[in-house]
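Every chain is named by a letter (A, B, C and D) in the order it is written, and numbering of its residues begins at 1.
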């Protein structure tokens, strides 16, 4: 698999697509999200796997996203994503509130090719009350009354994430973040940025293989050094907490967010094109 | 976690238990199965994950098992397990024929703590017709008639397997054989043999962690060098095909099987006790 | 060496959580999991580890290391299997039936104040035998008679699958026990009175006669908290460590699961 | 260098499988999976790889290496996702409706002759757009009018979820195409006649006018089969390689997925 540029990777995503992406602490694709904002996409529907943070807040604030299904939009100690909260207050984002294991389960359903999967719990939560598309059935294996939730499969159009490395066949190393494997299995297409390309076939190495997502799931790869920023990447680098904290402050207002975009997102375009 | 002897590990298993074990090409616990036969256990119910081979054939031939749920009992090119086939013909084993993904799915259901999970396919197979405990329901998410299979969770009493290594905290490295992780997650107890104990905590190493099963699932560990034999172990050693072929020949008759046990299983006891 | 700094309110909360975990009348605590954004429970668990208690501790909020190899779903699978004995939840609102609201206030999905979201609460609250609720802010806007929205219910109908309920609610002013249907005031922190608790609480609760003062952390516990426990937490909760213990994370510290 | 050895019947089967995979009228073949105990399909796929065709090949019967990192369920998940274009199945019995029996004969579960078991057939046959059936032994005991037991059904009711059916059945005597409801004789191997096929077949099938001879493997294909393809297969199918090509696996050879 030959790599393409970050902007070419972003160009694969289409308006209105259903996009799955990981939270800030799990191989978040910061550089790719910046490129998506620069593309000026519209109508994206986001899925936090199972929550989201900076990446979703940016896409929502920039007007790229019209909906988000997630168990939270959190900047960690910096609280709720500010543009997400503002969009909720303004009614400009459709929020499909979920709970973490529902999203894992819905992606596992797509991974297995089944239309739904059951999950314990959730009954009695208002999260359920606002999801008329979910079903509660009587457990057919129980002798007594035993209601149980069925959630429909989520099949994203695109899974996007940033990983440590890929090999020349497009196999991608995500380490222990197996939820990214499930996300990639469930999605129709996976677009991946990596720190670097490595020689050889990682799937041939019994030690490395367990942390690999097979290239069969990967549509295209771009090299983006430090591409998780401002999020961190496994044991390679830490999150830039100061930056996220500054973002949280700036993004409290529309104007502050615009300044942020001009400086950190659109500014990057000129830099990378130079 | 301190390791115990192979015989002490085998002593944890109780008559009548539901035992999950992998096929011959996936960390099969040969030495532990020999020890179980030496214990003279009775009434075991086996689950091949998702098929089984030498290990099950031995336990069936030795009279330890009364039932087996599996997608196959196969010695590879050497064909159907001969003691299994003989027990089927004699009606001395209860066979719950399944198909591979049903067993994976049923263990995933137990892993998630749900009572059942759906699976596509299988409708129209006589495998389904002989499993009255399975349910076919109308997919509640479909507009049209769409029957779909639900299989009940399988929660083994014991998962048994042989792995490359464990660390001092009982974390076990199984590499890419993730079905063993699912099996261990689903089971109430996991009993594991390993080639060796390694220093440190494998879960602290981002490179090793993806191939590790956390010690939270592991009840006890015994060191058994070459403990998969006559099966092979990942990239460490190959299966002893000549031995399995000889076993397949010997086990065609009750007498040949008895001789085999005397020589290769009970004979080992004297050897290891010496 | 005696530490003369006054006991911070967070240290009272941590000590209270420790007492609840060790409660001999509660189901066993062999494996405790701590979710995201939970510095007080995390500190309580680290304190127990540093005191040498034999318990398995799974902390979610770690970018590297950590107890899991199966990705983000392993915590929920573990809980589904019944392998997690204690979990901790908080909420933007908590009400008299132990319902928690992590979604927001105003119209759904939170047009007045939007909280981050429900995370795994709607599952974990029901899958875990013991849940300890914690919330540093004890005010009438947090402890309400009825939450605007239920992220996870405190009480379920008998036919609904559920392994346990809230054991207690620990706040910046007091500890409430939950008896399955209602909160009962169990102890009040120094500086608080029955009246100060009452005037800052909008949820109903029972006040028994003779409510004791909350037992403060011991000198040994304080020393552990301010030293080795803080060391462990600097990497994942730098703001909390700065606020409570005045410590700055100098170098990135990502200590491993222990 | 010309190889004067006669063409083995297995080599005819392999060549026939190759032609079926390349059939331009069939759905695309981008990703082919080969299950356990399937040396003929494996050889056909290796032959295509060695000829430089751009296809992804996932072989199950490998102890090390291989295409998967998600354990034994990844093949089935891939098929469930619709990512496997072709799979291969065999059977102890195959019948006129393309039902396959991998369970056994006599009373369930096979008290007369017990086969190993159904493996993944009951799922894969329905999840895969194209299934190529293969069975070297072409006899009236294998190709029966009705199988004793159905491991996986050849035909499903219209409301039943199914992505495809059998494309063809390749035997040691001939190739049958399957048109969705019945088998049609497509070609017969050298040395066979319509009569020899008929007298060894207990299942019904259609015989069109002018049944051609099966196209033999080309000289180039034979050379690849007997050389590099055999090299790849020695590690996983030593008995097959010995029987067909007279080659012995000297050292353990576990070549990797390519």
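Here, a contact is a pair of C-beta atoms (placed from the backbone, for glycine too) under 8 Å apart; a residue touches a chain by one contact, two chains touch by 3 or more.
Just so it is clear, the structure is predicted and the values come from calculations on it, not from any experiment.
Of all chains, the one whose mean C-alpha position sits at the greatest distance from that of subunit A is D. Work out the mean CA point of subunit A and of subunit B, and you get 36 Å between them.
Centre-to-centre, using mean CA coordinates, subunit A is 40 Å away from subunit D.
One inter-chain figure worth recording: subunit C and subunit D are separated by 59 Å, centre to centre, where each centre is the mean of the chain's CA atoms.
Taken residue by residue, subunit A touches two or more other chains at 108, 112-114, 119-120, 146, 148, 176, 178, 181, 206, 209-211, 234-235, whereas all remaining positions touch fewer.
Touching two or more other chains at once are residues 64, 66, 68-70, 76, 80, 127 of subunit C. By the contact rule set out at the top, the touching chain pairs are A-B, A-C, A-D, B-C, B-D. Only residues 105, 108, 112-120, 133, 135, 137, 139-142, 146, 148, 150, 152, 175-176, 178, 206-211, 234-235 of subunit B touch subunit A when the two sit together in their complex.
On the subunit C side of its complex with subunit A, the touching residues are 36-37, 61, 63-64, 66, 68-73, 76, 80, 102-104, 108-127, 149-153, 156-157, 159-162, 237-240, 252, 254. In the complex of the two chains, the subunit B residues touching subunit D come out as 25-26, 49-51, 70-74, 76-77, 79-81, 84-85, 88-89, 91, 95, 97-102, 104, 108, 119-128, 130, 144-148, 176-182, 232, 234-235, 238-239, 241.
Within the complex, the subunit C residues that touch subunit B are 31, 56, 58, 64-70, 74, 76-83, 127, 256-257. Interface of subunit A with subunit D (complex): residues 110-114, 181, 185-186, 201, 203-204, 206, 209-214, 216-217.
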